[in-house]
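Below you'll find the structures, each written out as structure tokens.
In the two complexes that follow, subunit A is the common piece, with subunit B as its partner first and subunit C second.
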Partner chain A sequence: MSRWGYFARRLLLAIPVVLFGVTITFAILRLGPLDPVAAILGPNTPPSQYARVEEQLGLNRPLWEQYIEFMVGLLTFDLGNSYVIQENTKAMTLIVQHAPRTLWLGFWSVLIPLFIGIPLGFYAGLNPNTMGDYFASFGGIIWRAMPNFWLGVIFYSVLSQSVTYSEMLTFGVVQFQWDAWIVTNNIGTPPPLNFYNSNGTELLTVGGTTISLFSFDWEVFVRAVKMVLPPAIVLGSASMGNEMRLGRTAVLETINSKYVETARAKGLSRRKIVWKHVFRNALIPLVPIILNEAFLLIGGSVIMEQIFAINGIGYLFFQAAIQGDMPLVGSLMYIFILIVVFMNIFQDFLYTIIDPRVGYE
Partner chain B sequence: MTDNTSIDRRRFLKATGGTASAVAVAGCLGGGGEGDGTDTPEDTETEPMETATEQTTRDTGDDRELLDKTFQLINSTMSTLDPVAATDTASGTVIQNVFDALMNYPNGEIEVEPLLAADFEVSDDFTTYTFNIKEDAQFHNGDEVTAQDFVYSFERLAGSSNSRRAYFTTSYAMGIEQSADSDGNYEWGSLGATAVDDKTFELSLQQPFASTLEMLAYTSFSAVPEGIVGDHGNYNGDMAYEDFARNNPVGAGPFVFESWETNTSCDITRNEDYHGPVPHVAGVHWQVITDPDAAYNYGQNQNSDLVSMPTSQYDPSLVSVEQTDSKGREIGTYGPMRNGETVQYLKYSTINTFYIGLNAKNVDPAARKAMAYVNNQQEGVDEVFKGRGTPAYHLTPPGIYPGQAEGYNQHAEESYPYGYNTTDIESARQVMEDAGYGPNNKYEVTLTTYESDTWQGLGTILRDKLANAHVNLQLEEAPFSTLLNRGRNGNLGAYSLGWVMDWPAPDNFLGQLVPELTNTDQEGGAQGFYLDWDDSDTDAPQRASDAWDRISNNPAPTEEAQQTRNEAYVEMEEAMWDDMILLPAYHRADERMAYNWVDMPRVGAGGGSRQKLNNVYLNDRS
Partner chain C sequence: MSEVTQNRTFFGRIAANPTPALIWLGGVLLLLSVEFSAFVDALILFGEQINPLVGGSKDIGGWYVDTMYDSLGFAGGTVMSALGALVVLAVFSVFVKAAFIPFSIVERLGLEDLPISADLLERSIVGAFLVVLWLVLLYEPLAFLPALPLIGEPTLAQMVHGFAQTMAGIADWVVANVPTLLSRDLIPNQGFNPPASAASEYPAGSEILGARIAIGPYHGTFLGLSPAVAWAIRVVAIYLYAFVWLVWVWQGYKTFRRHYRFADWTPRDDMIDRLSTHRWGQFGFVVVFLFLVLAMFAPAMGPTTTAQNIYNPYGHEFQYVEDGEVQTITHGTANLQSASQGTPDNNVGVMNYDDYGRFHPIGTLSERANGKDLFTFMADGARVSLFIGLLSIALSGFIATALAMVTAYYKGLADLIVVVTSDSIQALPGLLIYILLSVVFSSHPISNIYSGGFLLALIFAATGWPALWRAIRGPAFQVSEEEWIDAAKSYGQRPSATMRKHMLPYVAGYLLIYGSLTIGGIIISVAALSFLGLGVAPPTPEWGRAVNIGRPYVTTVSWHIATIPGLMVVFVVTGFNALGDGIRDAIDPQSEGSGAGESAAAGGGG
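Now for the complex of A and B:
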């Protein structure tokens, strides 16, 4: 089977998976006890008002009608207005508003383990049973073991009291104030993401020629990075530990294999062996791990968003789910399902590139 | 402020309107008793204001000092800025500052004062209210506030598809004259709200309603410019509804709306042309933070001017009360806090009751009583809430109980049948054994609470005690919307909920307890609390029904009718005790902690969300 035929089949098979996922979502929301009307009105409201709102939202119509409308809405990415979170605002608009900060957080929480965890793991694998290896391995286990919800609270609290703690640890010599360091910022709350202005350009004159540059505000950028780092480190901590451990094992496994021995025998430099032969093969088991973590980009950050008051997609999803906000939950679930399905397909695709031995049979 | 894990659940306490005590009721009664008494606003312009720390003589008149500082606060998630659509406290807090109504709770105080009304008259039969509207009041778009604007605003409340408080205009509360078409929809133009001329507004009620003036201070009754949105049958609307509710709310309040980024922040700025005292502060910024610990850290980092203090971080020993004012508010200091600062402290009672509902159909009468016997209200407040509340014995809160706090305490101490502030396991066991239960035949019941550590804490105490009285109490937590849905349909046994007043009178609380209304089998579910009290075999529900009839038949704001109502209120409370259909747990007390540079008036029993922030003054932050 050709590569393209294989992917066409995968795509077709994904359709029933997506349909099944959104149907389950609909069933849980509409057949369970979650009541958007109660969430809108609260306990201080008489039932005459309940009936009115139910009619407005169309919740008194037959379930199959609602189901068909729901499915059609999903296909066109338009489920209408949010019921509870913000009436009169389209669910998609809300998602678009909340998405950037979650993506920003997810981006850094994938990047940090990628660029710390994997190199550390490879280092440990290349220098097994040295002090450096023990140090890195032990660190990996510790990071892996600390639960996010705990670590997040500790981070926030320690950074809030950075002056007190820095004085305490250095016996009053150093006074470090995290929120005033480099740029001033709040410790919690959403990071500012307006550092890049896609419309505005800046004119810069260099030696008589005028160049136009996209305007980019470095200070805001640094602030945005600085604000997102603590939650991103916490969120990435577990995967950092994971990737470190797996990277070490993978390197150890490859480095002891026969072909590496052969390479060494024919006199290749250590550098060439490591980069050309070991590195690439050791990456194979890491691919699914990294791709699974990409899911953090959208949905995995509920707790961190809550603790650091970032209020992004994760927070939105949780609030919408417990309040039965059908259009919002439906849209978010649909997007999550699509991402997971496509991520899986993409993962298979990557395998074939990294490791040509993987076939389609 | 999300300063208490037990209450910051979104949409829990929706009341955005008012609070008042029997004092306020009596106050308006005095006027009413004399026939068409005309009330003029007190001259507050030159009166020195009371602040949380001391009396200041800061000028509140025309040449007020205008600062360029912004008041920094925390809010929880807001859903809309349309006064008739908002049901949550977070939205109400902002709406309160952008919109003005005819009446107002000054600084959240329970005694209402005219706001956009210059003065008003009440007819002899208490069914017609005539308001003269202030001459110099104008909306943020520059239009003058007229009687026609009020007609439009009130009609939107009654008939708009966006209105979530239409029942305030019906016989449930005020009973403003109106008619409906054959489908039960409001008929546009039929509301008993008319513009006699540009500045004279008349309101006609079907029958007297004692809390009319208090009700009119609720944000739902705020003025919006005539014809601004098209959800009124006779108007096309100057702007799209989404625009008005989301991006451009136009009111006549002390602050002009600036921006609102969902789940992030909201900003309002000073209205230089405000008809009342122009705000000192240049604006107000609310950061949306819902996590109590995040809010705590935000306050500790001095990012907000008021300090958020979740119960988990709260240390009662750091409070030092220096004085208690005439309204029972405790004023003093709190600290040193984690960041070393000591802040101004204010504790005040708000009008609410938190209770355990005990459905008559699903919970055995013996178990209901056993639960009341073992429960020690004082212990619950002290151990779980660290003293941030007062023990509750009645459904009616002390501030509006006949005879106020004194009458409340006296009646509770003398008559509460299940042990006043005591744990009586012996009696609980006895009542269960009389009903045929024993060590090998335990009664099973589930207590469903909304998601709250504090309620789970109370539940654990109850469970451990009830284990000695042959009752096996299971604890269960449910999201708020689920809890309400199950309750309405009669699928709850014991459950926790609270009621915060819509208007400051016992009928707002006890009206939810009328046995016929608590029947969950009727179309649409229970109309009141989810108790199925009508299924009880005793004569208590009948007594409560009779008492409620007497209340309904004596609606007028006169001394005599008030007396009859007060007696009936107490009868309903006693009937509730006899059947133990509802176990009152506590009345929440609110606290305000402000950094020393904040100079703002004390909050009244209406709560912080009802305080307009135009009298806030900020000294140098340091």
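Now for the complex of A and C:
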């Protein structure tokens, strides 16, 4: 099968997956014992009002009608209005409002493991069975087994008492205050994302010609990065451990392969072998893992946003779920399902490009 | 082995040479007898779950039927209700038949000649029996039915209940009267150091088999030792006892291998040899063993009981010494006074006594949790985690194996359907679907069983089987291509028999690997949910809730509340991962640390 045929099939198979996934969500929401009308009105409401709201929301119609309406609504991205969180606000508006902070968090929690986990794993693989290897491997295992919610709590608490702890650890020599370091920021507030203003432009005159630049506030940017770092490190902790372990195995496997031996036999320098022959090939098995981790973050961000008080999508989902805001939960689920499914396809696509030996099955 | 012994069955071989087996069995009986009433106690605990289960099944079934009638109308509702009942019944019948009935009912009853499949008939009989039993248990006053007087007094229902009550009575008597080696009655750790004025009223030491022995000055504790030492002795004794069991089980395996096994060598011997040099896997085994013993012996582990500490603190009193006088106070009041609140004045830390002379090995919880003892909380919480983890792994493993057999045998459309279904379930982001399901079902009757633990186990099973199925699909496909499967087919063996006899044994090992690797993830997820205030409902303890309770105190002197439970999660999850690694390397040495097992291993997803 050709590559394009393979992807046509993958896309075709994605349709029932998405539909079925959304159907499961619908079944949980509508067939489950959740009562959205009670969630809106609270307890002790007169039955007449109850019936009116039920009528208004169309919840008294036959289930199959509701199902078709729900599916059509989702597929045309008409996600309906929120019931409880912000009444009569479009679910899409709410999601778009909350999305940037989660994306910012997700971006860093993918990036940090990439630049810490993989180099550490490669180092361990290149120096197997040394103290450094044991240290890195064992650290990776422990790091991976740490539950995010706990690690988040510890990070949050230690950072908010950074002065005491830095003094304690260095016997009073260093006084490190995290919230005043480089830029001042509060701990436990969402990171500011207005460093980049797409509307406002700055005019800059260079040598007689005027060029317009998008305004970019460096201080706010640094603050945003600094504030997102602790939750991102925690959120990426599991991926970091995973990438480290897999990176180590991949390097070990590559370095023991025949072509590396050949390269060594023909007298290539170790640096050249490592960078040209080992490094690039060892990256291949890591590609699917990295993308796999990326959608683990979707779920994990709920807890991080809860602990670090970042009002992103995860926070929105949690609130919507515990308050019984059905349309919002349904839409968020739909969007997550889409992301996961297309990320999967994208991952396979990338994989076949990077490693042409992979079969199309 | 000679020709004659080879052809005997296992029991035949034991009958021919009974000495080693009898020695081993004697050891088992001895080990059981010293802890007999504790085991009976555990049986009572299981028995007590039957009534809520039967009652709950009625609620849940009723809810299902109502929902179906509401949403699908009369005809659809009837069909769906009947279908649901049939599916549940079928699953239970197959399970009961496979697990509890070792002989063929059809053969016993002489029904082989009936023109339907023997298996189907057998399961139908079991199913019918289950329905009758369920009805009898559920509608106890069967005597009101007009037909029942024909059976006469006492009715069947009364007999069943009478039997159950008699058994419960006997069990209660055993628990109350037979001494147990590791109980808090024999090794008590709750006591006080009486002042000199009251020393004659409160003699030192505790009564052991009628004799009062005292080494230390304390009244009521084991040998009059301090509560801390008495508690430590009990915990060490429990672990020693569990260790002896472990050694004896291993001894039993060796006895079997030497005297009663048909073959001199099997591939399993090599697996065990590989495990015996796998240090990392052994580390995992030790950790898992520590965790299992903590969970299984939770009632005897804690320095105080769960009833005194968690469920009914105001219903239990104890004595302590204040201003040179012996006072009496309820546990609840004392707990509130000894909560850890983050200030040095209000803190009972690790390995400390509170103001009332009670010992707290890892401190107390904060006022939000009424200052309960953290160790008792954690020991009981270990039970909850273990119960959820094991039940969900068992359920999802069952689903995954059944589907893997079917998809590998039939391939094609069956495979495609399961692929789409499992992909859809896996496309739902993990933690979010757990949150959603636990919120949706939080007021449902099913969430009353084991404080929602049962519901969580079902949730994890329903969302967890695709990953397990994916993991064992490869090996199942591989074995389905083998020649012996073709041979079995050409002999005309029934597909179910081929799957069970020729495919399942090959796949079962992989199930063990992935089960061990995923159970850590489940423990983390359960803890994460209770951290968010969902899942296992208070007051039933759960590790994640302790982290949540201790959240404000991490940087204070009460750091233990959040830190120790978190570290325990890390420890246990690492242990399960290591054990999984060890089993994988033992079963499948070629895989050597790569493959899908890595991503299946528990990450701190929660």
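Simple rule for what comes next: the second predicted complex is superposed on the first by the 346 of 361 C-alpha atoms of A that agree within 3 Å, B and C clash if a C-alpha of one lies under 4 Å from a C-alpha of the other, contacts with A are read in each partner's own complex, and residues count from 1 in each chain.
Throughout what follows, a residue touches a chain if its C-beta (ideal position, glycine included) is under 8 Å from a C-beta of that chain, and two chains touch if they have at least 3 such contacts.
Quick caveat, the model's predicted, so the values are computed rather than measured.
When the two structures are aligned on the shared chain, A:Asn44 is found in touch with subunit B, with no touch to subunit C.
By the touch criterion defined above, A:Val72 lies against neither subunit B nor subunit C after alignment on the C-alpha atoms of chain A.
Legend: residue contacts after superposition of the two complexes on their common chain; A:Met146 is shown touching subunit C, with no touch to subunit B. Touched residues of subunit A, counted separately for subunit B and subunit C, are more numerous for C. With both structures placed on the common chain, the touch criterion links A:Ala180 to neither subunit B nor subunit C. With both structures placed on the common chain, the touch criterion links A:Ala309 to subunit B but leaves subunit C unconnected. By the touch criterion stated above, A:Leu111 is placed in contact with neither subunit B nor subunit C.
When both complexes are overlaid on chain A, the residue A:Leu34 reaches subunit B and subunit C alike.
By the touch criterion stated above, A:Leu246 is placed in contact with subunit C alone, subunit B being left untouched. Using the contact criterion defined above for the overlaid structures, shared-chain residue A:Gln161 touches subunit B and also reaches subunit C. When the two complexes are laid over each other on chain A, subunit A has residues 32-34, 153, 156-157, 160-161, 306, 322, 324 in contact with both subunit B and subunit C.
Across the complex, subunit C is touched by residues 13, 16-18, 20-21, 24-25, 28-34, 62-63, 141-142, 144-151, 153-154, 156-158, 160-161, 164-165, 237-239, 241-242, 245-246, 249-250, 253, 285, 289, 292, 295-296, 298-300, 302-303, 306, 317-318, 321-322, 324, 329, 332-333, 336-337, 340-341, 344 of subunit A.
By the touch criterion given at the top, residues 32-36, 38-53, 56, 84-89, 94, 97-98, 153, 156-157, 160-161, 179, 186-190, 306-309, 311, 315-316, 319, 322-324 of subunit A touch subunit B in their complex. Residues 10-15, 77, 79-80, 85, 87-88, 161-162, 164-167, 170, 172, 241-242, 245-246, 261-264, 287-291, 293-295, 297-298, 300-301, 303, 338-339, 478-482, 484-486, 488, 491, 497-500, 502, 524-528 of subunit B are the ones that touch subunit A when the two sit in their complex.
The touching residues of subunit C, counted against subunit A in their complex, run 63, 67, 71-73, 419-421, 423-432, 435-437, 439-441, 443-444, 520, 524, 527-528, 531-532, 534, 544, 547, 551, 554-555, 562-563, 565-566, 569-570, 573-574, 577-578, 593-594, 598-599, 601-606.
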